[in-house]
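Paired with subunit B in one complex and with subunit C in the other, subunit A is shared by the two complexes that follow.
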Partner chain A sequence: MNSLEAETRRVVSKLLEEKRVDGVIAPRRHQGCTGPHLFQRVEEVEKLVLTPKYPVANLCLLIQTKHPEAKLGVVVRGCDERAIRELGKLGQIDVEKLVLIGLACTEEEAVRCGCSQPYPSRVDIGVKVEGEKPDTKVAPIKEKNLLERLKFWSENFSKCIKCYGCREACPMCVCEECMLEKWFWVKGGEIPPEIPTFHLIRAYHMADKCTGCGECEAACPVGIPLTSLYLLILEDVKKLFGYEPGRDERISPLLTTLEEAPISE
Partner chain B sequence: MNPGCNIDYNTVLTTCPYCGCGCGLQLHVLDGRVVGVTPPKEHPISRGSLCIKGWNAHVFIHSKDRLTKPLIRKGDKFVATSWGKALNLVVDNLKKIRDENGPDAVGVLASARCTNEENYLLSKFARVVLGTNNIDHCARLCHASTVVALGEVFGSGAMTNSPTEFEKSDCILVTGSNTLEQHPLIGATILKARDKGAKIIVVDPRKIMLARFADIYLQPKPGTDVAWINGFMNIILSENLHDKEFIEKRTEGFEELRETIKKYTPERVEKITGIPKNKLVEAAKMFGVAERAAIVYSMGITQHVTGVDNVRSIANLAMLTGNVGREGTGVNPLRGQNNVQGACDMGALPNVYTGYQKITDEKIVEKFEEAWQTKLPRNAGLTVVEMTEAAVEGRLKALYVVGENPMLSDPDINRVRKGLEKLDFLVVQDIFMSETAELADVVLPGASYAEKDGTFTATDRCVQRVRKAIEPIGDAKADWEIICAIAKGMGSHGFEYSSPKEVFEEIARLTPSYAGITYERLDKELRIPWPCPTRDHPGTPILHVERFTRGKGRFTPAEYREPAELPDDEYPFLLTTGRTLFHYHTGTMTRRTPKLVSEVETGYVELNGEDAKILGVKNNDLVVVTSRRGSIQVPVWVTDRVPRGVVFIPFHFAECAANVLTHAKLDPEAKIPEYKVCAVKIEKKNG
Partner chain C sequence: MTKEKEFKPKILVFCCNWCSYAAADLAGVSRLQMPPDFRVVRVMCSARVRPEYVIKAIARGVDGVMILGCHIGDCHYISGNHRTKKRFAVITKLLEHIGVNPKRVLVDWVSAAEGHRYQELVTNFVKTIKELGPNELGGLSS
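Presenting the complex of A and B:
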């Protein structure tokens, strides 16, 4: 058994035993497969695993919707914490009710995701590794000239079977009304959905939200390099507006303001 | 700190209730409701993905339209009643009709959506309790051609390989399968194979989405498949690309095949099919030179009056090129429903018991008579369309329909209605009030896939678990419990089971191909491909590796024959029918899922742009489409997916039902209707 998993099980069991939380969200290996789960009893914890990873913010949101009073532990990697921060700012998750258990990704995991910040703000389990250079994942695409890029994205978008998996898997996609489903933007019932409209709408909506977790790409059945698409936009957003989703708890998101004026330092 | 906040939450790993891909699904259950799904990343088919239906597979479960109480017809209306009253009515009527008219006056339609355990019980019920072999289900309408043809020429009527191997193929020939729409995760695998360098050949009368990714796309006239497949073989032989060693060692009947193939020159094939001969040659060569070539097919091949010949020809092509029994090759029929493979495996068919054990084999009949403790009928029963005819003619007087909707999915719906209305007694067991249930005398509320335990078998012969996540909605019961209750009510003692697991154990005892599979193994191994003869056998991912199930593979030459009803002056358009990605079959589940309805709300007729101009219609105009069977009004979708003279209508929508138009002429051997070809006329709707 993996020592990180052993450590995580220890920490989670303790939290449950001491009744400091009503449950802890982490992946569980069960009935032959893995998936995100809410551990509520110590006896279950032996089934807790850390890989493959699943986005945990979605489950937080689901449970908080029905049980806003619940105190939830969550095992969070860097990307999970960033998502929770942004969702907190957007008023979708009550961050005060969460106990975060910070898990650092391994070197191998960081390389696989091409991630530049593979650790949460506080690491409780595992050892922080540096991560990749910020534009590792997108570098091969940036090397293409504009015409090559147009061809690259058009060919990729043409494979889309409109499963909406990118949206379903994304921790940040929580809108009750989704623009992708509006007939005046994208005609229903067509595959591939209108190129490039469908994917660019999503990409622009991700501009101030994407935390680089890679779940969209993992969920895409036809292998469209979605995370790279959003990371390219994030690069521009950082350059133009100095905004990086999930890095700060107080700076207002770019596309949404909850108050008259953006919250500033 | 929160003292004891009670969160009733669990996750359950199950299998998607929609198509034959058999994707794994984790259901999230919160406070007694299924609220979401997550595809497991390790599942060999879903691999962390789902199609739009899969991502919404939980939504219909809690629809307010769910049948929650047994219903009895009183005149035009249905009245809710107790289980006791409803079951008594069913038992009394079935008994009476059976006793007064003989067992063969009663029929059973089993369900390709229900579990293996339930289909087994229905087969047992028909034979033991009713005393008839009149049991069939919708496989008759989709892959009956496959089961008959491959059963004959290979000895086993199932998909020989698995989609998990396609990424090892060098060439994939896809025909009569709109894979990206109908088996999306398998279509996705084909695209991944292409990314890895596999050559893709698509042969389809419609320019389906996959055609855009093909290295070669051929567009034959509908119903001309024997011709182009023979043409492929003609070219492969003349180019010397056939696998001589394989033919010599593993097959019989080659000389007879060669004689027939000689006649299908590229020139002749072009005349019959419309495929330009140089393109045919290019495609055949591409297939012939490939080291590992897989053939993937579905309804475009099977749903014809020559369906069995079409499948035989596919098998011929695979054997000719030595593409059977190795990884990344094979004959791959993509089964439609989540458990149509299983329903067939369980013997919900009029001529076999479980595992395709024939009712004409005395030893087999004796084995089942011993196991089921009763004398069994020896004459083959009626198939689905034959049951309609028998009902119209008054020979069939009662029908027990479980999880099927012939009023929308069978051909020539007006005739189906006539038959069903003529029955003395119709009992329908379903989760929604389907068009068929509307005609019933008694409606019994069954349970969805999330409300019972059991197993499904996916298109690649892999048995997977279905797990109960919530209690049945309202007063609905698990279908296996209802079947057993009716059986017991009719005096049978062979239906005392305390769980689906017990039923599965009985299935395993009687079925060599399932004998080694257990629920415990499925908990650990996730999916086990039959044949799995013993507890320590790993299952059989690839069929016919050393030998064919029957010994040698048999070449069976086929000659091109025309479809039953072609366009003429009065009905100048060729109608072909099929499905769309966003809905499933008769729409009982998908049309109650808002996100799917917002994509495609109602039916349409795909009409070529040139034809639209001549008819004077634009996109969304209403047209009247008429055949010799009936007429529907349907909006137009102008598209070049269909060639001139051909139109396409999906069959999911009751308000513009494609099957009002189709005919019930059958393949003589498989008894499958020719959904893919009939003649219609189209007029713009005025006013």
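Presenting the complex of A and C:
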């Protein structure tokens, strides 16, 4: 791990010294805590760390909104790169202005996330390891019959305290007006929120966006297996349209109409 | 005396203004016999039916939802029914994953001249829903 950190620090320092970027987004160890930071000076770089992982795609959006001209370097893992690509397609961030520093996750990290592609398209730091099969997470749920599934999910959904943690942590949730806050869709002042409306609306919105980073599940204070639900639906979208969010250069087929092969009845 | 109460399903039928609503109208004026368990909602296009409407209907205890549009290629808005088809393919899968029978949501196409087809679809759908019984989520949400 330490050798990876040393390597990352070297690459980031080089980028900053050569003035190829205005700043680099990466996690920083500061006052005993780890959080995201925009490294702009070479002296700071010694505080750069790599664990725990932090979703950086949202930060690119945040910084680009205020400073559209800034040239940013970003230390990206596989999931971050997929999120950045997806946000680029949605017109949220300017991918041209980003310099991606690819970081491959270690095998231990890949297993912990159950990630199917724990490496970005170009690996600058670390060694590429093959991902977990997504089946390990979703297979136990797929084996259940309809009634067992209903019981499993309604038990889980009824734990929800409507903290919106899943939405806040999600790198893909960028809508300025969220449907889940509108009383027309999900009535306010109720805990748990309407079952399963709240979670199904979110799952539908994730069907063509989710990059499988697992931040929603990690953020959930009551431990609802949200990533498993999204992985299940991602698998279907792949089967139906051959589309994988974050890995495909195409725009989501749910947003287009006649661009792809004609649909028959 | 204690005759078992017959299950009367609540079924929503979304009809597009240009084809399937006209077909429903035709079925009506032709006096075709249909079960009385469905309520028709007229929308301008089948793509007007947000998937969230169907999620909410099912969550609120509606037993079945039909979305009827123009045949593929005949959409008044050229490509509306393409969207419908893609969206509801995802929604039925999603409902299946959380344990709702995917047969409760049906997307089909009826042209303005197909009154008989409309009758057939609705009759079959009501039959399927009666066989499935009340909505699994019925007791969970108000």
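By definition in this document, the second predicted complex is superposed on the first by the 249 of 265 C-alpha atoms of A that agree within 3 Å, B and C clash if a C-alpha of one lies under 4 Å from a C-alpha of the other, contacts with A are read in each partner's own complex, and residues count from 1 in each chain.
In the analysis below, contacts are C-beta pairs under 8 Å (C-beta built on N, C-alpha and C of every residue); 3 or more make two chains touch, one makes a residue touch a chain.
Every value quoted in this text rests on a predicted model; they were computed, and no experiment measured them.
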Identify whether subunit B and subunit C fit side by side or clash on subunit A in the overlaid structures. fit
Using the touch definition from the top, say if A:Tyr164 reaches subunit B (first), subunit C (second), both or neither. first
Name the chain, either subunit B or subunit C, that contacts more residues of subunit A. B
A:Lys151 contacts which: subunit B (first), subunit C (second), both, neither? second
Examine A:Gly23 and indicate which partner it touches, taking first as subunit B and second as subunit C; both and neither are also allowed. first
Touched partner set for A:Val99, first subunit B, second subunit C, both or neither: neither
Go through the superposed model and pick first if A:Cys33 touches only subunit B, second if only subunit C, both, or neither. first
Quick one: is A:Ile191 in contact with subunit B, with subunit C, with both, or with neither? Answer first, second, both or neither. first
Should A:Asp236 be classified as contacting the first partner (subunit B), the second (subunit C), both, or neither? second
How far apart, in whole Å, are the nearest Cα atoms of subunit B and subunit C in the superposition? 12
Can you name the residues of subunit A that touch subunit C in the complex? 141, 144, 146-154, 179, 185, 194-197, 200-201, 203-204, 207-208, 229, 232-233, 236-237, 240-241, 253-254, 257-258, 263-265
Within their complex, state which residues of subunit C touch subunit A. 51-52, 55-56, 59, 71-72, 78-79, 82-83, 85-87, 89-91, 93-101, 109, 136-137, 140-141
Residue numbers on subunit A that touch subunit B, as the complex places them: 19-23, 28, 30-38, 40, 52, 54, 58-59, 62-63, 66-67, 69-71, 158-159, 161-165, 168-169, 181, 188-189, 191-192, 218-223
Where on subunit B does subunit A make contact in their complex? 1-5, 7, 9, 11-13, 24, 26, 28, 30-31, 35-36, 38-43, 47-52, 54-55, 180-181, 184-185, 187-188, 191-192, 195, 209, 212-213, 465, 467, 522-526, 580-582, 595, 598-601
